[in-house]
Each structure stands twice: as structure tokens, then as C-alpha cells.
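Below you will find the structure I want to go over with you.
Going by the order they are written in, the chains are A, B, C, D and E; count residues from 1 in each one.
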């Protein structure tokens, strides 16, 4: 385990930015989001949930993947390169878990090589949470607020210092390059981390308990809820916007579109949302999910039943963004409760 | 060798276009070197690209036993298909696939097969029919029930009128929705026709594809005739973008039509939420 | 406030039990202190859940678009801004006035949880309005703060706190205390083109194109929005600045002369885009060029961009 | 201030939406009168200035126009009686808004040019081209893909 | 893929001189959808057209782009050519590489580049063109003529003679218009009444003409072939059926007011006929000035009328009628002189306008044809005429020339001299305009034979001195200031549009210029048509003109109207708006802004998720719509689209032009 004095962080970032594109939580116009680091950027490591999760770094909102050229009846197709190496610094455990969750889908056979390549190019440095937000419930999905098993490097904020622990080869390789900036942590570090993790977990557990958000068997509970009247109540206020899906670290639906300029063009994939009315609209006008009810149901069923059926993991990390941001307070914890998926 | 991006199409070429009906054309597609784009199992699909308009998924209607080329029958319905209906022979397209599970051929072996198709629904069936006819000895009796609104709306007229009826131990039952001048065959909807002929479920698999409403009634009819859900196989159509189970659009419960389908037995469908 | 909280339950229960309406849309409380959300009450069961508190911000009239279809009459509660929005829907012929019963609520301003949080007021269990103050209730006890410090920006500039249209008014009219609403626009007008460009480029880049701002807007009630139409595809789906600009300019343009300044778009934006400044730029310019116009006040007056005067001024040199 | 080679070679692209009855006709008259103006302008014929949607204007900027001009009949002279009155309101509002977004207002102009004003057509085209040339390429709204 | 044919015209050297035609053809060949590209010297020639037609057939072209001159010139030509080859004419697009390119750019490289871009744009638009079919409209075989001055009378007579019913609507109580006010007419000096009265009588007695006097058109709906018009017949308070025109009523009426017909120089009664030859010769009651209506007293006329024709209870009557065509002939007014204080008009009775002069010198006028000074009833010795009062005067009056003032002033000078050889006429003029048959000769006669003194210059001031008027002017030829002691000053005031012309044109959907004169569809080629199909213009409502021109136009307009009335059905231009009902929200924003009232609402009933719902949508009347596209922009979701200029097409053009 290593450590770095927080005063030295700017030097560290500068170095990382030399190595690869560095993204970290930056405050701009009062909003903290993952953004490329540049000299003088207002890095904010205190914020727990960035407004938008760092999902877009591994799965960009839109991503060109081929270039085409059409001339008369001739077609040329040329795949495009994926951006080079990058580092994500300061990702919170829930957000890292979100990436690990969508990994399951994209890396599953047939492997989405576009995703894989971009994913492989990135090194994720997580930052454990000390305190929960009011809307945090990651422990409900068996995540640990203080620790991120899927990160390449884990860090913890111990006030003066940041503790630093590479978790795999990728992490080690990067750590090696930063040797001069990192110092060896003392023997107490492991204990400090342990304590931090426990404290964080118990604080959040307390919050979750208080809110009645301790998820238990929601998958099983939802198995017979396709026709349940719980959906009748929930969907009615839904505005059909994409706030919840676009802010969710695990939502991953996309659309494929072409952009053209004359005979040249690009094909890209871009985020799409199951909450949009035209998401499943077919060419001949039929729609298997004709009203918002089916769409809302799909969103929750997908996260809490279908995804775990296919990948043995819930597609929710309890980050609470949708809870916080839904304009009409459609709240996944309420849905879980309504479905009977709480202790 | 690096694994190719599954979303990346290969350039292929339309070498022949046959107008089937005013809104359906059949396209013969090969790679630029003249070879067949890829191998497939009947029932599988391919994603066809026409930049800058887009991509759409189509059943491969030619049989895998056809070594030279691949064929698609395409209805004009939206932007991609409208565009395809305007191109001429020699036009290059993008193609990727094959997608989907295909028909469970192993379980069909040695059985009588009843094909029930309506309109463009013949497209995926045709792949299997020709496959069965090419491997005639592996299957029992073959019955093909095919219907369309009018005789003019029938596709693959060569095969349904001439080739298939002549194949050994094969019967073709054609029907049109309403009386039509010059039509001397059956009149009535496909489900009706199936029940009238009264196929026995004995050692028989029923494979059906057509418009949703037809499928609904065919299933009821087959049920009345005593077919078990396991004996009935159908294909589904949902909007899809990637074809590889990632874009999140074509799921029915935890099944993806692109990966786990489009071929499903009725028994499977009964276990899935009715969202198609 | 307490009183009103009871009154709404009473009137809802009454009109439902008398069969005057088939549905009452009101607000109800979620698990968290700031969650007050639209509730649909069709029988006695739901009535007790109806509330009125400082977080009852969602405009309920939007739901009429769906809910009116198969009902003969629906009652909703409208605050000042909601009533303006309702009138806009009326003007756009999206709802039938006779099928709606409006309970007017004079509104003295709603509380923006983001402002409370920013000031460190978290982990609350309840927030009550008491005169000019808010009572923040938490485990540690109660704390009183000045209400105006935590009100939505839109409420600070609100000029119509009392509904301009209603069938029955619940409660006493309140006095409007609007701050200058164009201050933000004027600030931006002062800086250079390049600076303004940078400013808006930063804002627009943050947009995730979730369309919440459109979906919530009472002036955006199109059956199929131009941004969703596949042919011709006006707005590409790629996350590109030029597409973001297209979206924001055209959205604002479409509500120009129709935006009732309810501020809902700004409230729902998950990434805090100052959308109201865009809308208000149009309001301000239209007022300056073509005369004061307050959308939503009177659904009968023609919106400024669908009418003209022969001697209108222009924002370009006419020669 | 040094001017890069690219800026120096810069030839602006100006899209003109010209109403069929006045401005397009004015352009024709400029043609028949052989009044030369810079070749940077490309006219798209529309029936009336009231047909010009802000969407078209933005699309032109996205696709590479350095300046956009809407040209219509003088107020009162609209072939369709009132079209340009609506256009005046719509485009005035749009023009101010574009400026608010940070687009130099000179990049979006509206001019009234009648069918008999061939000289004015040529003059306006010349002036607009020079103004935009001085401003340099429009990078603010261009789709850079 | 479309099969677009591109045809590039050299236009002799008109295009080929600056544009590298071969380069354009080469570039066109590569454009998306282009199946064939060719060039020719004169594409619009017979050979060129055949070339296009052959290519359409041989190359199976489904779209045609002609890169040539302005579409305003030859679009119809090429459309027709394509149609003859079996292609829908609306699948033809023109790239204007002559007027908008080769003629205005000198540098060949630049011009060629631009020509290619323009061709590419037209190709892009053509690729999105749709076949368009005109629709058929039935025709009501009846015409409406609004305004019964000489223009309206002539048009009505011509249409009636062709065998069609005509309703001639006149605002005042008699037909005749301004011409009835005139004395003699230049350049032949026929007596105006002598030539007009027979026409008035003809009109009144023509079996196909229905005079609707003292009436106004209140609303016009509908479209060519089928106008639906509402006419308000104002109450005359005299039953014209009973009235014999004996005139006893206006003899006895005690209430006197200024007679408008005499330009206020004489009085009439509250019940009156404007002038003795009025047609119909039936009185009306001027309600605001009638004592009965004012105080419920008097009623002399009613008491005295031998046929009991006076009816105070009469009310306005509303008539609704359908017409196939409309001729507008509402004429002109003269400028008010409030801005021209220096001439002392209104301050001194002997300063009069030319129109007043016409009345003064007219035998049936207030002074019985004796030219007298209104101040003292004496014959004037010196008469000063001032030309261009308010004409050619951008700052205070009208910037245009009123065209006829030079002529009628010469006429006035002659008339004076003929009657009063001792009276001297002075004419202050800027320049004398005599463009017309026999005009210059007429003017010369006034100067040479009738001794009129023409002074080139402007009058600075006219002020009364004693019983004279001092006229201060400058003779710009000699540079001297002149001062004339005049007995009478006559101001040739500008002709202007009728005060209600703007309102009338808006009602009709006819455009008017900034002076509110109505505008013709094309100043040269369609001088009596308007952009509203089926509505034609004649006479001074278009701008200042004399009687011969007025009459010629009236006959022209009549022929155009007859052209419509003689058809059983008409074809409408298909380049009109259409609503996509699926996207239309029913906000009806589009309805009010349509200048032709072409949009209406309709209710759809449809099934949505099993429920039947009713919703509003907009509907365009294809015949009324003139294709401006104003509605398309007001429609936010883009449900309203303009055929021939669709959103899709314009976007494609924008994309292509920017490449």
C-alpha cells in the first residue's frame, strides 16, 4: 500500500495527464462531473455522487465506430480507432461497480470489442466513500461504500493523505510509473483503511435501515409481478424523460445512427432510453410497449429481475441518482418496497 | 487475429433483385469476391446496412444449402427498406450476421413438418423449407400452408407453385384471404385453412411465421388440433439495433429476440411475458 | 399551510364522493423529506394521502393530456405557475376546459431542496412553512430559517402566485413579491459574444438530452416532438455541441411567446442547465420589440409570434 | 495580430434564403443587369420569407455556412400579403437569440430586397460577404464531425 | 437510388462563357442519384427539350435537373417538356447557373465551383421531390365587380356581353365614380358625362348586370371559381321599387350639407341623389344628417313622397353570393393637403384642387359651368396652376408621379381660355410629362394656341393679399423669383389609394404596395392579375392612370375573368401545404396566420390503446392555399409541410449547398 500527501495531488494529476487522458471530478459552473484534467481545474474530491456518473468514459453518450464512403453503387466501410489510454481518478465505488455491471453485458459473447477496447484502455482509480449521501443505498445491493473491488487502483481519503493500493496488474503498472510521487504507507495504513471501510459501511447501513431500504429477494419478489397492479400506480406520473436512465451508472441501452455529409459519413452508437416512447416502436407502427406503463415496468424489471437472471447481478448499485433527480420522484426504493423486495 | 467489432458490417453486393409483389422484393447478395457472405442456420437473420440511411434486420430466406449466395425478401415499410426498394443490381450494402438461434434442426429430424406462413412470413420459413427439401431423407412428410391477401401478394411464386409441389412427399396448400379473379385455389385465412385440413399432431412439428394476428389464431387452431406447445415453433419480430443482445431493445423478459430468438417454441413463449 | 393541507383532502373527497369528477390529481409524500409527487386519486382510499407542502412543485396539468381521454371530468390543483401552464395547454387546444375542475392554490413559494442541501441542511425528516420561515425538522430537533433564502429561483421572481384561472380558490390570495426576472439575462447580455458563447457551450455540453425539460413543459405538448421525428431527422442523436445547440435554440424558440415562465424546465434538468435564462431572453426581446406579453394569462390573446403589426420594429436593419 | 494562412485564404460560405417573388427575382435582375458580386453566396429559393424556419438557418450553420441571410420582399409588398410581417417577428427574435448564444449577430442577417432592386441585391451580397470575411470562419455552431 | 438526369445548358456563351460546362457535367455524374448528365447549347430550344425527353425515356430517368437560367423564366418550359415525356412535371428542378452565377461572376474557376454547388443542390432537392397532382375545382359562372367607376362599369359590361351574370357592387348611391365628376376629358375634350352616361345606362339596363349600389363587400371567402362573398346593402331608407325618382323629397328636405360629389363646393339635402344623371336615379337618406334620425322630428320626405317610398325602418341587408371570379375596380382618392400649409388651401376659398376645378367648370356643377371665384362669384382674371402637389414628394406626399396631372392641367388651361379668353393661366411645373397618344400635341396646343404661361419652378408660398392671392415662386429656368397676383390657385393634388384600400386588399388577400395601391401579379406580364387566383384588378386602384388606360385594363380584367367563367372546372396548383395528421397536435397555431384562410380545423376520431379518442387537427384547403409556407414554420412539430418546398427538400438543399 502506498500513500500520497493530498498537497501533492496536483503533481500526481499532472503526471497522470502526461501518461494518458485523465478524467476526474471537476467543478465547473457549480456542477461536479468527470472532466478532463487541465491546469487549474477545480478538482472536487469531496463530492460523493458526481452529477453524471463516469459511465460515459467507458460507454460514451455517442461513439463513432465506422466511417463510410458511398459513391454511386460503391460502398466503403472503414472501422474507426478507439481513443487511446485514459485514467479515471476518484471514481466512487458505486460508479465503479456500475461499470463492472455493464462489463458483464458488453463482454459477454459475442464480445462487444468496441466496448472492450475502450474499457481496456482505461485505468480506474477509485476513491472509497467515508460518508453516505442521503440517497445512498449501495449496501442494499451488497456493495461496500468504502471499497471498490473492481477498480484497478483503490484509494481512500484519510484527511491529510490519500492511501493508494493497486489491485491488479494494470494498477500496478501505473503505480510503478508514479513511484517518485507516492510514498510507502506505514504499517497502520491497512488498519486505517479497514476502519474507514467498516465505518462507512455501518453509517450507510444505518441510513438504509432507517429508510427501510434493505433489499432482500427483490428478484424473487418480481418474478410474478409482470401483471401486478404496482405498475399501474407507479407509471402514471412518469414524464417519459430519460433522466433516470441517462444518469444511471448501469443503464446501457443504445441506438445506432448514421451521420452523413455528402458521400462521407459516420456510423455511431448513442445512448437511448427504454423510457422513450419510440424506443421499441416498429417500422409498421406497432409497439410492444405502447404506453409508459410498459416502459416503466421494463426499466425496473430489467434492473431487478431480467439482468440478475442473465448475469447474476442486479443492475442497480444504489447510487441514488435516479432517486434524487427524477422530476416526479419515481423512486426505485419505493418500487422495491412495493414489489415486496425489502426485508 | 483480433475479434471484429460485432457492429461492423462487411461490404457485400446485391447481384440480383426480383420484384415479388408491389411492396416486396427479393435480393440476392454475395461478397465482392462472389462468395456467400457467411454460413447460417435456417431462421437466422442478418443486419443489412445502407449508409447513410441505417441498418435493419432481415431473415435470411435462402437455405444454408445454397452455397453460392444469400437471399433476403424485404417489405417496403420504412427508411432502410424504402431505400433498398430503390437500388439496382450491383449496389453495395453492408452486411453482418448471422444473428439469432435458428430453428432447432436436430429436434426436427425424422418428423413430419408442417409449415404455416403468411405474407412476408414465408421469408424465414423458406430457408428451412428448402433446407429440408435438400436434405429430404432426414425429414418426414412436408406440408406447406401459405396464404396471402391476394395471389399477387404471394412471394416466391416459382417455388410455391412449381418447385415445392413437385418435391417428394411434399404438399403445398395455398390460400388467399378473399375471392380473387382467376384464383381457383382455397379461399380463407391461413388459420382456417390449417384447421380445415386438420393436420394430425402425430410426430409432427408445426413451424409458423406471419403477421402477429395470424400467428395468434394459428396457435389457437393448432392447440385445438392437439398440438402441444413444444411441437409448435414460431419466429418473433421486435425492433432491434445491434443484433447481438446489447442494445437493450428486443428483450421479452430476460430473453433477447436477437440472441435467444427469433425462433421460439410456443412452450417457451408461454413462459415469457406477453410483451411482443 | 396546515389548513390548506386539510382543505385539499376535504375538497377532493367531496368532489369524488359526489361524483363530480372521476379523478383528482394532487400531490402525495414520498419517503424522503423533499419528495412530493403527483398522485392520482379515484376513490376514497387515496384521499388521505393528498398533501400540500413546500415541495409540491410538479405541475399537474400535464397529466390531463393522458388522463382526460377516458374521463368525463378531472380535478387538479393549480398553483400560480401551474394555472399559467394550464392556460397554455388550453391555448394550444390540448385540453378541454369543461372537462377540468381547477382548485386554485395561492402559493407563497416552494422550497428548492438543492438550496437547502447546499447550505448543509440535510438528513431532515420534514420541512414546514411557517409564515416567512421554514421549520426544518431533523433528529436533532427543529431549526428555523428564512423561507425566501431557500425558495426556487423561479418562485423568487414569480409574478402570479395566485392562479389566474380556477373554479374554486382554496385559501387566501397572497401578495406577489417578484424579484427582477431578467437580471440573469441582462448579466449575460453584458459580456462579449465570445464569452457568452463559451458560457453556453459549457452549459449545453453538460446536457444529456434526456428531454425532461421538454417533457415537463406546458408549452411543449406536441403529440410528436420535432426532435423525435425520424424523417427528416432535424436533431441528430449524437452528443455533439452543434446538436446540443440545435436542441436548445429550437426548444427555446418553440416556446418563445408561449413559455409561461413557470421554471419547470430548469427545475427538472438533472444537470442544472439554466434553461430559464434562454426562455427569458425570448420573453424579454419579444416584450421589447412587440409589446408586453404574458403567456398563459389569457388563453384568448394571440401569441406574439403568430401575429404581427405592419409597423413592427425589427432586430435587423431594415432598408 | 498575425493572421494564419488559413484565415487569409478564407472564403466565406454564405447561404441566402431568397423569396421567390422579390429577392430571388432581385437576384435575377442583378444577373440580367450583369452586376457582379462575390461568388460566396448560394441562394436557396423559397416561396416567401415566412417559409424560412429557424431550423434551416441553424442547419446551415451546422453544415458549414459562415453566414446566413434571409432575403424577402419589403414589408407591405409581400406577394402573400403578410408573410414578411411574420418573418420579421420570427427572425428578429431568432437573431437576437443567436447573439445571446454567442453567435456574432452579423452572421445572421435579414434584408428586404424587391424584385426591382437588382443593384441592392448585388450590393447586399457584397457587403455581407465582406463582413463575414472580416469575422472569419464560423466555428461556433459548426458540426465538426 | 433515384435516377436523376442532369442537363447543363451553355446558353450560347451566356453560361459557357464563365462556367466550365464540362466540369459541371463531370461533377454531376458523380452526384448521388445521378444516372445521366449531359450538356447542350440551348437547353430550352426544341432540340434541347427533345434531348431531355429522349433521355427520360432511354435512361429511365425519374427526376430531372436542368442547370440553366432562372426558374422564374423556364421552369414551366422544362416542366412541360418532362411532362410530355411522361414524367410528372414537379419532378423537375432548376439550378439557376445563369442569372445567379455566370452573369454575376467573372472568374471562371469560382463560377464553375459555384455552378457545381448549385447543381448539387438542385440534385439533392430533386432526389426528394414527389409527384404532385393538381386537383379539380368547379366554377360558379358569375362574376363580382367591386367598384363602379368607369373601370368597373366597363369590366361589368364586357363580362355581361360575354354572357355571364355580373354583380356590380358600388359603395356610393350611384355608379360612375370619379369620371362622373369630370368636365371635359383630355386629350380629345369630349364631355365626360356625354361619354359616361350612356355606359352607366347600359350597365343599369343590361340583363346580365345586377347593380348593387350603396353597398359594400364585407367578407370574401373561398377561392377561384368558388368565392363566397358577403355583401352589405346599406339601408337607403328609400324603397327603390316604389320610388319613381320624382325628386320632390329632396326639394322639400330642410337639412343641407356639403355635397361630396361637388367636392363640397355646393350643398345637397339629407335625402339626395348626388347628381342629376345618377344611376340609379333614386335618392338615399344620409342618416347622420337627417333630422328624423337625429331628433325624430321632421319626416317631411316621408310625408310628401307620393309613392310612400320613404321608409325610416329600413335596415341593412346582408347578401351572400358565390362567384367564379372577382374584378376589383375601387379607384382612387386625392391626397389630403394638411401637410401643405404654404398653399393656403382651406384657408382661402379661392385655392382649390383640380378636382374642385372640374366641378366648378362643369355645366352641371355648383356654378352651372361658370368659372367663378368661390370667394366672390367673379370670373378670375389670373389663374395659377401648381403641378405635382404631393406627387414626386417623398417627404410630405407620395414619391410617385400621379401621371395625369400634367394633362388635366393643360386641359384646364385650355378650358379656361375657351370660355374666358381674357383670363390668363399660369402653370408652375417641375417638368411636363406627356407620354401618351396625342398628349404632347395637346400640351403644345395649350401653350401655343391657348397662351398658357408655363413656368418651370416651384411655388414657395401662396398668401392672400386683399382679395387677391400672391403666389411666390421661382422660375428655375431664369433663376428669378416670380410673384403672381392670382385670383384663383388650382392645386394638382396627387392621386392616392382609397382610404380603405388596405383593408379591402387584406380582405381579398391581394397584396398592395406601401402606398396601398393594389399590386398586380407581374408588372409587365400579368398586369391585371393578382396572386390570388381569380381576382383581377382594373383602373386607378392599381395606381394613377387616365381613362383610356383604365378602360383598357377593365376590358383586360374582364377577359381574364371570362377565361375562368367559361371553364367548367379549373386545376389548382399542387404546390400547397399539407398536414400530416399523425403529427399534427391540433394547436391550430397555423389557422390564423394564413393570409388566404386556407386552413380550418377538423376533428379526428381514432383508437389509442383501445380507447376511442377525438382530437383536433388542421386541414388545408388545397385550392385556397397559395403556397407561402408561413404555416409550416408556425407548426412546431413540423406537421405542416409545403409541397414543392418540403422540410425534407430544403434540408437536403442546405446540406448539399454547404458541402
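Just so it is clear, a residue touches a chain if its C-beta (ideal position, glycine included) is under 8 Å from a C-beta of that chain, and two chains touch if they have at least 3 such contacts.
This is a predicted model, so every value here is computed, not measured.
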Chains contacting each of chain B and chain C, listed by label: A, E
Identity of the most central chain, Cα criterion: D
Distance from chain D to chain C - Cα centre to Cα centre, in angstrom: 37
Whole-Å gap between the CA centroids of chain A and chain C: 30
Interchain centroid distance [CA atoms averaged], chain A/chain E, Å: 70
Inter-chain centre distance, chain A versus chain B - centres from mean C-alpha coordinates, in Å: 39
Residue numbers of chain D (touch at least two other chains): 54-55, 59, 63, 76, 82, 86, 90, 143, 145
Residue list for chain A, restricted to those that touch at least two other chains: 70, 73, 255, 257, 259, 261, 272
Where chain B touches two or more other chains at once, by residue number: 87-88, 91
Residue ranges of chain C in contact with chain E within the complex: 69-70, 92-94, 221-226, 229, 231-232, 234, 254, 302-303, 305-307
Touch list for chain D against partner chain E, complex: 13, 15, 20, 24-25, 27-28, 30-32, 34-37, 39, 42-48, 50-56, 59-60, 63-65, 74, 76-83, 86, 90, 122
Residues of chain B touching chain A in the complex: 2-11, 49, 51-56, 77-78, 81, 87-88, 90-94, 212, 237-239, 241-242, 244-254, 273, 275-276
Complex interface listing, chain A residues touching chain D: 64, 259, 261, 266
In the complex, chain A residues that touch chain C: 28-31, 33, 51-52, 60-62, 134-135, 211-212, 233, 236-237, 239-243, 245-247, 255, 257, 259, 268, 270-273, 276-278, 323, 325, 327-331, 333-334
